[in-house]
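Each of the two complexes below includes subunit A, the first together with subunit B, the second together with subunit C.
So, the complex of A and B:
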């Protein structure tokens, strides 16, 4: 626990990437109409709290979430709010959601939760709702409009008619590489809600959308995918600054599609390989993405972590707090018009384990 | 002389019709060999995804979907954390002991053979790179 993030280290990180990430103050003021003060929010995701039986839970995953919560509470000045990015539970059980919620309850600051498939497919989000409220919603904070989507829905047929029990439905969706799974989608009903929610906004309002699955298509075999991604993107396209932040993939990814920037966040539980490391797969990992280091399983928390995010540049800057690796910062490069890793973007700057497998 | 040679040849041909020569196998054989392997690899996939190998319900597939990031083509190789050149089964056992909180399988345990068959099957087509980290 020697690498706590403090405001000082965050600012030092910003200084190091200043050429890429910092805008003149006047431009920030312009982008936000001069009304806004800078703020940071904390992003913790994919805890996968897993019950063994009774009151015993998988220690490894518990430790990840506990550590993220403890560290996030030490950031000064405090974050304005916390996002939990989904997959609090492994198999959607009450015991898992309760145990995870108890750990998250130690967080300072308001918590906004995103639905993950591991929270949903046992009781279709019923118990999760009792803890965290509606499955999709929006809120405004200091001049930025935030939208939380439930992007892990799938077809009626698969959800209601394919499996004999809710437990089996949950198990089938919980296997990332399970060919019996089904592609995620936001769905018609929620897209209509989103269109309405956005209709009242000025197109200059900075927009941040939180989803569990990527609202872009990377690799269908592991559901690094949202089936109606293009339809959702079309609703977001009219806005000047659109930022999508997603969990699910347990790895660093970033991309730019039109004016929409995409950033993924890490899991606290375990890392996932990049799809291209599966020799039989066709992957569409965004070419912009510089992979994180190959995970070293001998270090239990390697390639897991949490994020501090700010909108100081008018776009998302994601500072990855990686426990057994150097921190990484992915920030919007206004000249290039897309997110970049402030240290490793140039091919000559990469480290061997970022390209190994 | 010619007649005895012919008789000998006929005799061999008769034997050949009933017993397989050392280097000959049939389409049926190949199909059988493949089927045997596929069954074992399928058993490996079942174990890989089941959560039954350890004591805490964690499955190999949770961290390694489609056995990705196991790179069987690089074994045997030096594992700095083990301090020696290790085989793939030793790394599988490391994972069973640690994230899965279970006990080692013997190298020739049919379950280990199944796991290694599945891992290798998912990595088919990749060049061998022994020793590479």
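So, the complex of A and C:
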């Protein structure tokens, strides 16, 4: 814990700048391939802005997003753009999306948004589109091809024919371990678009794919899962360097499947799992099935945060800015061929990424 | 007052001598327990206590000559009879305007020396790791003692007969052998004797004397450990209480008003620091830079506007409050927390960098008054008469 200060940490802090967020200028150098430049971008995700009623919103979630935006604006040199990783709203309401959008509007950098299920299942992304445009798209930046997918779709039957109201549909999808839920998927239509989008690219082009849900299968009950993950991975497989960054899981995960590196990002709202131990005030947390033992529940922001993503090597280095906790960095290890947490490299502490799922 | 002052200091000195590992003469045979409510004073292995060293540190601490105008000692802002903090209103780790050094004032409220022996970092932003290290900085700060170098101190320490004698006895050193190392160690050794507890609260909580504190204070204690959420940072243990977690928190004091300047201030500060600016001078002489708090030390956005949790012992006699001395009464402080980190006169919004531990508490007037009553039980008898305002 960075705040449990020891003499050593004081001295380190007083030294040549321990900050991860304030990059030394020298880091902006020519990078992978020679013609492209190193750059960073900011990643904020899972704000879950929640209306209580009228102009009243859950203060805790508001504070998380506000703090991430304020800190992201302090990064020097400025990062090139900002990704918001989905779940801006809690129940897809216009009021929630508007309230969140107003906070995001304070960001200095160009914003690219990813669709989350909490943004989608009330009006199927209609109002979100008015704010942020198409549900899936791609763009190029300094030699890297970026793809934004809407990975939280599900079957036609579940989406259009199962629920009497849009509100109920939204609530069913927002639940965990809900037998009425349905697994996420990218879907045929979008996969065709993706194949087309990638067809024109040189296979050496570094690819970064943003999705809300993991494009790998981790835990179905909480939709830490994308049902057609293998088919999406097959489309990405021909490329030398592929990085998938996803939100949704509210915890740090990293993995390598073939040529594809996976990094998750933290939420600004709450961590999964989360303890129920501190209940003096109404918590507004979704009902939980697994207790969490690592966050300090006194500090509402503990185990939440935001990320600065460094593309220096053509691979992702995720610098996690974790409030009331240690900063962490997960970087691609070119020798090992997979992402590693740079702070946990002792052989006895190492956890190898899974090779199967 | 003088008599009580000496009694308090002597008591503190004697009490600290009972530490495990403290093996010196001078007070031989005095076996006094730690004051009720405190753990053993941690003594660094490279600076063991001795009565000569403590006496030397005491003299150095009170010596007015170690300042640019010969009028300011450590004790100017850490007054023995003011519970080792300073006199009224906004002053500093610096000095009152009326006290000289070009009539400059610092940006921060002088913290008390009492129980600083237990702190794991020193200064409001923790930029110093030990009492030894801390003691050298105020001599050179332009709004504190204002010396250009430490040389004038050493010149006196090497020639003044009292110092010559004591440096020899305490460290076995004379002449050029006396350096700032010895000066720092002596001052730190003295400060480690300024410990105090044994308050009515301690007699109630740890001595189990039911009548040691009032019913209001007992109710206040329940608020303190419950709905008030105070104890999460102002820590009370099973058998002792330091009332601090030694961590840094943005609680909305100072930074609320400076919040709109943070983007400019943080960028300017980092640029200046990269070019070698002196953090100590920057944070004490520029009021707005001062509000960056712990960030100025670690460069981490996480601790923008964050300051060290102070002890609450003797808090009733050490007004004004907070790192900038901006709150006048304990009730004002309680209201600030009850509002979720906002005081009257602050902008409508709390600052964006606020600690996740701070939120509106919904305390009643009665609960807030009880909390104040509780804090008033934390005064050590030796300081009952001390008041900084």
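As a convention for this text, the second predicted complex is superposed on the first by the 292 of 357 C-alpha atoms of A that agree within 3 Å, B and C clash if a C-alpha of one lies under 4 Å from a C-alpha of the other, contacts with A are read in each partner's own complex, and residues count from 1 in each chain.
Assume a contact is a pair of C-beta atoms (placed from the backbone, for glycine too) under 8 Å apart; a residue touches a chain by one contact, two chains touch by 3 or more.
Since the model is a prediction, treat every value here as computed from it, not as a measurement.
Visitor: Quick one: classify A:321 as touching subunit B (first), subunit C (second), both or neither.
Guide: The second partner, subunit C, only.
Visitor: Just to be sure I read the superposition right, which of the two partners does A:87 touch: subunit B = first, subunit C = second, or both, or neither?
Guide: In the superposition, A:87 contacts neither subunit B nor subunit C.
Visitor: Have a look at where A:74 lands relative to subunit B and subunit C in the superposition and call it first, second, both or neither.
Guide: So A:74 only meets subunit C here.
Visitor: Would you check which partner chain A:178 touches, where first means subunit B only, second means subunit C only, and both and neither mean what they say?
Guide: Once the two structures are laid over each other on A, A:178 reaches subunit B alone.
Visitor: Applying the touch criterion given at the start, work out whether A:221 contacts subunit B, subunit C, both or neither, answering first, second, both or neither.
Guide: The answer is first: A:221 touches subunit B but not subunit C.
Visitor: Of subunit B and subunit C, which one touches more residues of subunit A?
Guide: Touching more of subunit A: C.
Visitor: On the A-aligned overlay, A:310 touches which partner chain: subunit B = first, subunit C = second, or both, or neither?
Guide: neither
Visitor: With the two structures laid over each other on chain A, which partner does A:271 touch: subunit B (first), subunit C (second), both, or neither?
Guide: Touch status of A:271: first partner only.
Visitor: Applying the touch criterion given at the start, work out whether A:302 contacts subunit B, subunit C, both or neither, answering first, second, both or neither.
Guide: After superposing on A, A:302 lies in contact with subunit C but is clear of subunit B.
Visitor: Would you mind listing the overlap between the subunit B footprint and the subunit C footprint on subunit A?
Guide: In subunit A, residues 59-60, 280-281, 298, 300 are touched by subunit B and also by subunit C.
Visitor: Residue numbers of subunit A touching subunit C in their complex, please.
Guide: Within the complex, subunit A touches subunit C at residues 2-7, 10-11, 13-14, 17-19, 21-22, 59-60, 63, 66-67, 69-71, 73-74, 76, 280-281, 298-302, 304, 321-324, 327.
Visitor: Considering only the defined contacts, which subunit B positions touch subunit A in the complex?
Guide: For subunit B paired with subunit A, touching residues are 49, 55-58, 61-66, 68-69, 71, 81, 94-95, 98-99, 101, 122-126, 133.
Visitor: Under the touch definition given earlier, write down the residues of subunit A that touch subunit B in their complex.
Guide: Result: residues 48, 50-52, 58-60, 175-178, 221-222, 270-273, 275, 277-281, 294-298, 300, 356-357 of subunit A touch subunit B.
Visitor: Quick one: which bits of subunit C touch subunit A in the complex? Just the residue numbers, please.
Guide: 120-121, 126-130, 226-227, 229, 232, 246-248, 262-263, 266-267, 270, 273-274, 279, 297-304, 340, 352-357, 359-360
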